[in-house]
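Presented sequentially are two complexes of chain A, the first with chain B as partner and the second with chain C.
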Partner chain A sequence: MTARLTALHGNHACALAAVAAGCRFFAGYPITPSSEIAEHMSHALPRAGGVFVQMEDEIASIAAVIGASLGGMRAMTATSGPGFSLMQENIGYAAMTEVPCVVIDVMRGGPSTGMPTRPAQGDVMQARFGSHGDRPVVALAPASVQEIYTETIRAFDLAERLRTPVTVLYDQVIAQLLESVAIPPPEAVKVAARKWANGAGGFQPYAADDDGVPAMARPGDGHRVHTTGLTHAESGFPTQSPAVADRMMRRLLGKIDLHLAGIEKTETLATEDAEVLVVAYGITARAARRAVTELRRDGVKAGLFRPVTVWPFPERALLRAAETARAVLVPEMNAGQLVLEVQRVIGRAPPVRPLGRIDGEPMTPGEIAAAVRELARHA
Partner chain B sequence: MTRSTPQGRPAADRLEIRLAGSGGQGLILGARILFEALAVEGRRASQSQSYEPTSRGGFCHSDVVVTEDLSDFPLVTGLDVLIALDQVGYDRSAGLIKPDALVLVDESIATGPAGGRLHRLPIAARAVATGSPRIANMVALGAFVALSGLCGPEALAEAIRRETPEKFADLNLAAARAGLSLAEPLAA
Partner chain C sequence: MLEATRTLPFDIKDYLRLDTMPHFMCPGCGHGIALRALLAAVHDCGIDKDRLAVVCGIGCSGRVGGYIDANTFHTTHGRPLAFATGLKLARPDLTVVVVTGDGDCLAIGGNHLIHAARRNLDITCLMLNNEVYGMTGGQASPTTAATRLTSTTPSGAIEPVFDACALAAAAGAGFVGREVTRQAPALKTLIARALRHPGFAFVEVMSDCTEIYGRKNDLGEAPEMILSQKADMRPEARRDAPDQPFRPNALPTGVFVERDLPEYGERWRAHAAALRGETER
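So, the complex of A and B:
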């Protein structure tokens, strides 16, 4: 059976993908421009034998998702910037207790209530640093309705594989964009099965295998489990030992590095001889793609590097794409966020320039092309 | 996992269409119907929407970009077609109109210098005469299809049947026919 083409809005595609990926629990608090995800899940989950709960707020929503996942279900919530802020403490809790779950953040103009119906990319650093302390972070940034479908499925796969929360970041434009999507047949949807403990005695809930990921106790299998946000030993019980804390934290953070090849995902366009490299993600990458195509037609050596996985940031892939660049431009719908990471990776040369837009309007191909031409003249 | 394209391909031919006006006029539904009408004829498009946080009023537009390249920029950059149902919709979109664009507006709207492809039609009046002021979007779609020939009237009718509630199908189809007959003499 091959994929069938169907017209979907981004948020609808997200809900369908979640159900296809085996998500059977959704708890959320509707917020523009993510509300259609909750709406579609409220129809789809009961039909699929799952559970939909509209919670009293976003703190409770992510808490319910964590509980459902600990109980053995694939679980998800969806929100926008203000709700994502409320969820941060519990996202850290899920990272610390190693509970797989998926958080969809449809970005809108901010800060605070901001511009609810307007697009933005202002949560990129919130996705990375929004929760206190050091924690493993995985965030994916689809650029089309098709990619919302595939990346939502990948988010569930990575969450299960790594036992960690995974964030999918996109914006109002693609959330409410109608595009043709190829829906793969069910047998083509691959999501890793949860790594369950085998029922043997002496079970240590946070003792990891070589892959850095501990097996999880399935409720009812008779394992003794203690789950806490306190820094804990392999036993799951709190520790004050510096040696144990260091070992457990390094394992927690290190599991991302162990699986980097399977997490990172990037796309390049015309980078092999690019003099000006544009680094863009989400809807802005599609404006950049058009700008690069038009610039190439006019003889300007422009290229595009698009991180699909924004966290962990794909450092080596960026360095490869920037090999021939004499300048780097980072357009984003914020005052300059991912540009800081690009500057950190690239270092002193070539120069890395931000191009920010914070007026609630999407970035246009024209303004990106103009900025590239300017850089090409002086590079 | 890295996907690479060696060189930028030239963008496929694009046609950029905007329905503009105020919230509550059915502009987003209108664009969705246009998207579906194109799909009926096997053509591809992206349909986007922009609105303000009020359910009635406030500048609203919904855009359809007709392109075979699904990775292309899905938003408008210069309008080949503007369909405006009120003054705010026209005024806020005027800066994007291409020189040779097809501009279709309600007769109540004051526009810039009239080019050869500017059409001021009694869209709202025809909607009221057909049965409801709320079907001006369908009248406009019918007139647009007659003027542009972008898709056949049958594809438009099929899309209306697919995208609107059954109990309003007859009214919506009558409105689209009213728009077609309004504009057909002008298209010749």
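So, the complex of A and C:
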């Protein structure tokens, strides 16, 4: 079978991809501009033999998702900024207890209630640092409806493979944009099967294999394990031992590094000899792509680096793309968030400049091109 | 579904993780009595511990689950009912028991309690009410009685208290009951009845925080505290006088609500099957 072409809104593509990826549990609480995902899931899941439940708030939604995943179902929730804030404590719990799940955050203008129907990219740092303490973080930032489809599937694959929550970040524009999508045939959808524990006797639920990921005990299979958000030993029971805490935390955080090659995903355009490198993600990267193409036509040596995986941040790929750059521009629909990470990676030179938009409007190719020309003049 | 009542005698060691002993509860803490009553009820109902899931919140009450030889989940403060909702919907084959505290269930988790009661998923919820935040050092909770001293009511509590059973009943729970830890056999019977109830079952267990609440309020040592429960208790009183205002020191116990309501999981599965064009199940 070959891919089937169809036109979809971003949020619809997300729901279809989740079901195609084997998601059979959705719990959520309505919030613009993500609600269509819940609406589509409420239609699709009963028909696919799954469960849809509208919970009393976002805290309960992510809790129910984690509970369902602990029970063995592939599970997802979807929300927007205010709801994403409410979910943070339990996202940390899923990271700590190593429960696979997917969280879709459709970003809208903030802070607070902000501009519910307007796009933004203000949750990039919340996705990284929103929950207290240190935890493994994986976040993907699709830039088109097609990519919402493929990245949602990839989110489930990474969540299962790494036993960790994975966030998919996109904004109101692509959420509600109608674009053509190639739907891959079912046999082309690859999502890792969960690594279930087998055999009984002496099973250590948090003793990892060489890949840094422990096998999971399915309730009912006879392991009768304890799951806790307290810092725990390999046995799953709480520990106060500094040595054990250190070992467990390093393993938890380190599993991301062990799998870095499989997690990172980037796109580059004309970076080989670029003098001004634009680093952009999500919808903003599309404006940047257009700007770079037009600038090249005019003889300006611009290039684009687009992290599709924003967290873990693809450091080495960025350094490679920036080799010839004399200046770096980071346009984003916030007051300057991912630019901080780009500055950290690049260091003192070349200079890294933010270009922020916080008025609820998407970034235009024109304003990116103008900022690049300005940098090229002084570079 | 539950097997027929077990006939072998109950041995608590069959249901405990003995390698987690000694437990961390203070001497005389009522939560231990609640734990034993729960395990005895599980035994009486013939529930297979491989298929038992105990979902706890955070608090001294939340630590109860760790000692049980079953599938146990120590979740986040106030949220065990929400976690349990996902687990039970994903795994209707499991018997899901939530163990929560008065702070966990009525303060930070109050929203989840009323919606779990309304939704009526087959979960048995034990709320261990010691009228205080035990774990964090004895601050006031939504059930701290007026004039009681806690570390955040140093001159005596003045807020009105929740009647948790009335709240659960009003929110739609199909089974609601209360018992004191002093009446351990009655408590076991009540929990067994709740476990057998097909739908959301709420059991309020009046427990004693001996070490903090008891000390601070001069309620005596653990034996005196537990004996004083008798004076405070009026079995089945709620049934006799349903309009009586709730007073924590004139405590009605027993089963207040037991009604057959459509269980949410069954409803969902029938609804989904119908949409798929299948007949029942």
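Here, the second predicted complex is superposed on the first by the 378 of 379 C-alpha atoms of A that agree within 3 Å, B and C clash if a C-alpha of one lies under 4 Å from a C-alpha of the other, contacts with A are read in each partner's own complex, and residues count from 1 in each chain.
Methods note: a contact is a pair of C-beta atoms (placed from the backbone, for glycine too) under 8 Å apart; a residue touches a chain by one contact, two chains touch by 3 or more.
Computed from a prediction, not measured in an experiment: that's the story for all the values here.
After overlaying the two complexes on the shared chain, residue contacts for A:Ala208 are found with neither chain B nor chain C.
Contacts of A:Arg297 after superposition on the shared chain: chain B is touched, whereas chain C is not.
When the shared chain is aligned, chain B comes close enough to touch A:Glu267, but chain C does not. Once chain A of one complex is fitted onto chain A of the other, the partner contacts of A:Ile153 are absent, as it touches neither chain B nor chain C. Once the two complexes are laid over each other on the shared chain, residue contacts for A:Val103 go to neither chain B nor chain C. After overlaying the two complexes on the shared chain, residue contacts for A:Pro362 are found with chain B alone; chain C is out of touch. Touch criterion met: A:Glu179 reaches chain B, while chain C stays clear of it.
In the superposed model, A:Gly71 lies in contact with chain C only, and not with chain B. Within chain A, not a single residue is touched by chain B in the first complex and by chain C in the second. Residues 7, 32, 116-118, 144, 146, 173-174, 176-180, 264-272, 283, 286-287, 289-290, 292-297, 317, 362, 364-366 of chain A are the ones that touch chain B when the two sit in their complex. Across the complex, chain A is touched by residues 1-11, 32, 35-36, 39, 44, 46-53, 70-75, 77 of chain B. Chain contact summary for the complex, chain A toward chain C: residues 25, 27, 45-47, 49-51, 53, 55-57, 59-61, 63-73, 75, 89-90, 93, 217, 219-230, 237-238.
Against chain A, the residues of chain C that register as touching in their complex are 17, 20, 49-51, 53, 55, 65-66, 69-76, 79, 82-91, 93-94, 111-112, 115, 268, 271-272, 275-276.
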